[in-house]
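Both complexes shown next keep subunit A, but they swap its partner, so subunit B is in the first and subunit C is in the second.
On to the complex of A and B.
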């Protein structure tokens, strides 16, 4: 007979494997399959490529995890990434310093985050609708600023930063790892982290604990947008140009990564590392299929299948462990 | 009556100025005057029991005291000084801690994080939480309460009783001067309750003031130094324990003489409605039960002995792996919806989760199970539903300010009546009632008993699960006793006594 307190036990070494989420299992499987299908997959250049692609996705998926933990959603993240890139590019073209351009993008992103946050936390409007609205707003502004054309020809300093290395590690990967470390500390070692989880789990409890729950709720959106806004630097560094619509769809990929990693939309259940697993799984799938020259529309199908498979694995194991 | 002060409560020195005073607190919600000029004196080292039926305004009073609701009128004094309590943080700063009736745990924070939610600063080192120190502190608090829970366990993985104990630990950890407990024993076992009472005794000795909300007379007698009775949002009376008898207290609570503890009147049951033979499920083995029209059949046993599983299996909520069920002489349909159409009704143990849609209003809840028979054409008529609901509200005596009141805002007893209304509307003939009076006060209990009588008089069959033996013995014509997921006995007529049930439950 199973003891009622079974779920309280900490996973021991023997239980380690069963603690790997569905995304982790699929990731390992895909790595094996792609390696067998085409050894070029594990070449150093390709693995670095995977890392570069995953790190940009992570820059959105990590803050998205915090937002989803509050039972929220940010559909405007992709549009903000595009807008922020355009702002940096235009500012640089207008002769601003790199620092000033980034500060400008940061300020505007933060303001949009605050707008989302106020509407969602204080006016209790549904996050889905609010961020769908601000997504349109951001995208529109980006298109108006650029007439829909890519913006290029600004200082190569940003591209230089993108291509620089810290010891042997490419800068974008370093940035993503640093962001992960920072958000991990925030989520699991600071008061704010507890409060983020509490907002999704039981906002009333947080209020009754004497915490200004709405302010924390707002802060999550502001922080998320600030991070996304700054990530635009990595985006425009990659091609040394800004495109107003390049971020579109990134929000869905980020949400998919978070959910793939085992974070739930309810009750503040989830974990930050899940986003890393999810982002890697999606990126590896994309990259592997590219190497096998699978058509890009078929890739979208595969990502969908991956997502559903991961959920099924998690569900099956939950069922089995009961 | 063990007049010896079980809680160690020495008759408090009422000459001293009260530690906390609520003065003329008034609070209205849309359509409900929840508190009417309530005044309360709370003394250090004293257990002050607030007694009242569901809906009397007890929880509202506490939330107002804690700054979770803003009072419309009135004010609060601490040690004779007027204080402003605009938000919970203000109350905390004044040394007030509350164990709320609704759970205030965060599911995916662990026990330690929940205990110290909002007070993590005490464990901060360079801006980061020293989680080892926090778990150690939580460990101490839990050990004090005699709880061996792992402080790393998520609240989501705890049972109801465990959650309640963590709530208690959370309030205790605040070292408050005034500790308020809103029905803390509603969900916990005898043994855990004993620990709580011992803790209360220890705290009063340390001069902490306890405000204890309850409607269990036994606890009131055991713990209360001073007792304030609340009815319809107003203070009826405030007395020292020995100044009033239990009967008088119940009388003051319900506002009419309590005609309780009647002898059981024998009923004359009719034809069998349900006959189950040898049913087994994942959790039950070989259950045979018969229920006839016009009788109340009890299911006795300890919590976890399989009583809930039996009614769920009969209702079709859990799949059956063996045995057969006959309804009115013919084989029972297999699916749950067909059983509902055949007249079965389940009043689940957890009414908030399984019995009601809390965010919806009374009308939507009361009509949901009968839409299929009321609106056979498929078209819904709001006017007809409205009429039906008003009828049900009147028939069951639901205290609400209209058919559109959200069920969430009703008191426990009235919520239970809405669940019953749902099945009455569906024309059910066999009622499976799982702990129908749990968390319901004396007055509402009496009304639920009356409703059960009405059902039976109308020819319905009723099954009652109850953990309260006196209730079971008084209410039922006969009872099955369960132990370890089996039926171990059947008692009827004069054989149905509390003692007989206990012997079957406990012995062997």
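On to the complex of A and C.
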């Protein structure tokens, strides 16, 4: 079956504003609502808190954007976050240096990314089931390694890093901004980035143009898993302990953030900044509901409703602008 | 473009599918034989019946999922649908004392969740895995919120009969499995709707162009998947005699694995419900065997994940061979 050809656009100003709606409108609405409901919402400590939470979510949502741009999905990201944290913690407890422990987590994450990538890119298996399967593998290994219990008592260096600041900015926010900048450059300023977007648009065309499309496709999954694996270091620094199931559900929030931001599952249509908008919207929603003391399990339901609202707004806008 | 061999919607009791089913049956017998060699207690009637009862619980979750996957969709929310339906039903039975209210609540909530999935996919044009993945977390969250950290236990005996009772010496869940299996078979192979489901799964565009009301059929498929999850919730509740928000989550991977191991292709358009029965039995035997070999329960997610990966690899190899020879 031939897919329709389509033009690849770089995000210009026009695309910027037409893509803001869903998440942007809801974000502004929520900021206003929560401020009226409780002025403590805009206090400096709370806003820094929102930034910290959003940056952790972004560490998964940014690589997830790249994967979704290739018409793929990574349901194993949350489980990998848990597994990688457990590996770092166990390695530190075994007397490894921080660098060696991180290298180990990096190696294992990359290997799992490669497994996902080979099955999805080379064997053309559906991403959502492949990553569901590897999710089971990762979750299982993390559970077997820890017997289901949290691992703590490793060197405080990780927590010190999490709590450190670059000038006045907390380290997790600095890391997230740096990651955004790096991925932005990769996606919009390199040839590899063009190929990544082209895979979602028309992988066959890319292959026919003489590009090793499968290799690029594989690289997206490897890169995504590597980033998620290293983000686990920040996550275990936050509580100074590694819990095998801590990341479960994070993949849902990351995917929700990407979709909220206006990135579509079809034809590589999307943009990196959408993940930032989406992650902020989800974090603001959670934080605001926390202040209004809404139960955390009900917050998940609210994220689902937010997602559907944003999609409805986007559909309505498309309908009326036609 | 080559027409996939899976477009053939004749009754799958014909040769290739029958052979595939026979192969799975032989595999089951071989594993069972090996386990009996390790521990003769495995082959006792009580252990076999117990295992079939476990398998029938898994099958009930996977049955509606099979229909959806044949129709070219996917339902990742079956596990948490079961959780929420079971929790709501338990609360209804506990407060009214009448099991039939529980049955009504579980069936309604299961069906409604399936209906919502179908609506999201039809109206919002969401990919099925995304819509049902969102529903997974929403239903799960709703269940945790509803239960507020509590466990509801102690169902009336008349209700527990559905999960623990025997009829003619065979556990009741196995009878329920038989009924659901026969009904699904009739739907798939003896109704226009079933044929259209295979057609939609094989080539959705062609189905749409031939005038099939694809959206309505799709909605019905997701409703059926929700309904079977609701029925499964009742059997689970009757068997466990308790409801808490963690019961359904670990079922998703085994359910998908059961469908795939049963020979239903993830790419839609081929497969059958008897395969899912065998897939459920195969998975249950594997877990039972691990327990027999004293493997810790923490290994279960790993094993389920590995089985899913192996099953899609096998599916990939089989479908490529078919399209090459076809």
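Basically, the second predicted complex is superposed on the first by the 303 of 322 C-alpha atoms of A that agree within 3 Å, B and C clash if a C-alpha of one lies under 4 Å from a C-alpha of the other, contacts with A are read in each partner's own complex, and residues count from 1 in each chain.
The rule we apply is simple: a residue touches a chain if its C-beta (ideal position, glycine included) is under 8 Å from a C-beta of that chain, and two chains touch if they have at least 3 such contacts.
Here the structure is a predicted model, which means the values were calculated and not measured.
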Is A:301 in contact with subunit B, with subunit C, with both, or with neither (first, second, both, neither)? second
Of the partners subunit B and subunit C, which touch A:194 in the superposed model: first, second, both, neither? first
Answer with first, second, both or neither: which of subunit B and subunit C does A:204 touch in the superposed model? first
Just to be sure I read the superposition right, which of the two partners does A:267 touch: subunit B = first, subunit C = second, or both, or neither? first
Chosen between subunit B and subunit C, the partner touching more subunit A residues is C
Go through the superposed model and pick first if A:319 touches only subunit B, second if only subunit C, both, or neither. neither
Is A:256 contacted by the first partner subunit B, the second partner subunit C, both or neither? second
Enumerate the residues of subunit A that count as touching subunit B in its complex and touching subunit C in the other. none
Which residues of subunit A touch subunit B in their complex? 4-5, 7-10, 185, 189-191, 194, 197-198, 200-202, 204-211, 267-270
Name, in rising order, each residue of subunit A that touches subunit C in their complex. 1, 73, 75, 119, 123-126, 128-130, 132-141, 143-144, 147-148, 249, 252, 255-256, 259, 265, 295, 297-301, 303-304, 307-308, 311-312, 315
Within their complex, state which residues of subunit C touch subunit A. 1, 74, 76, 120, 124-127, 129-130, 133-138, 140-145, 148, 245, 252-253, 256, 260, 266-267, 296, 298-306, 308-309, 312-313, 316
Subunit A-facing residues of subunit B, complex: 66, 68, 87-89, 92, 98, 100, 102, 104-109, 113, 117-121, 124, 127-129, 131, 149-150, 152-154, 156-157, 159
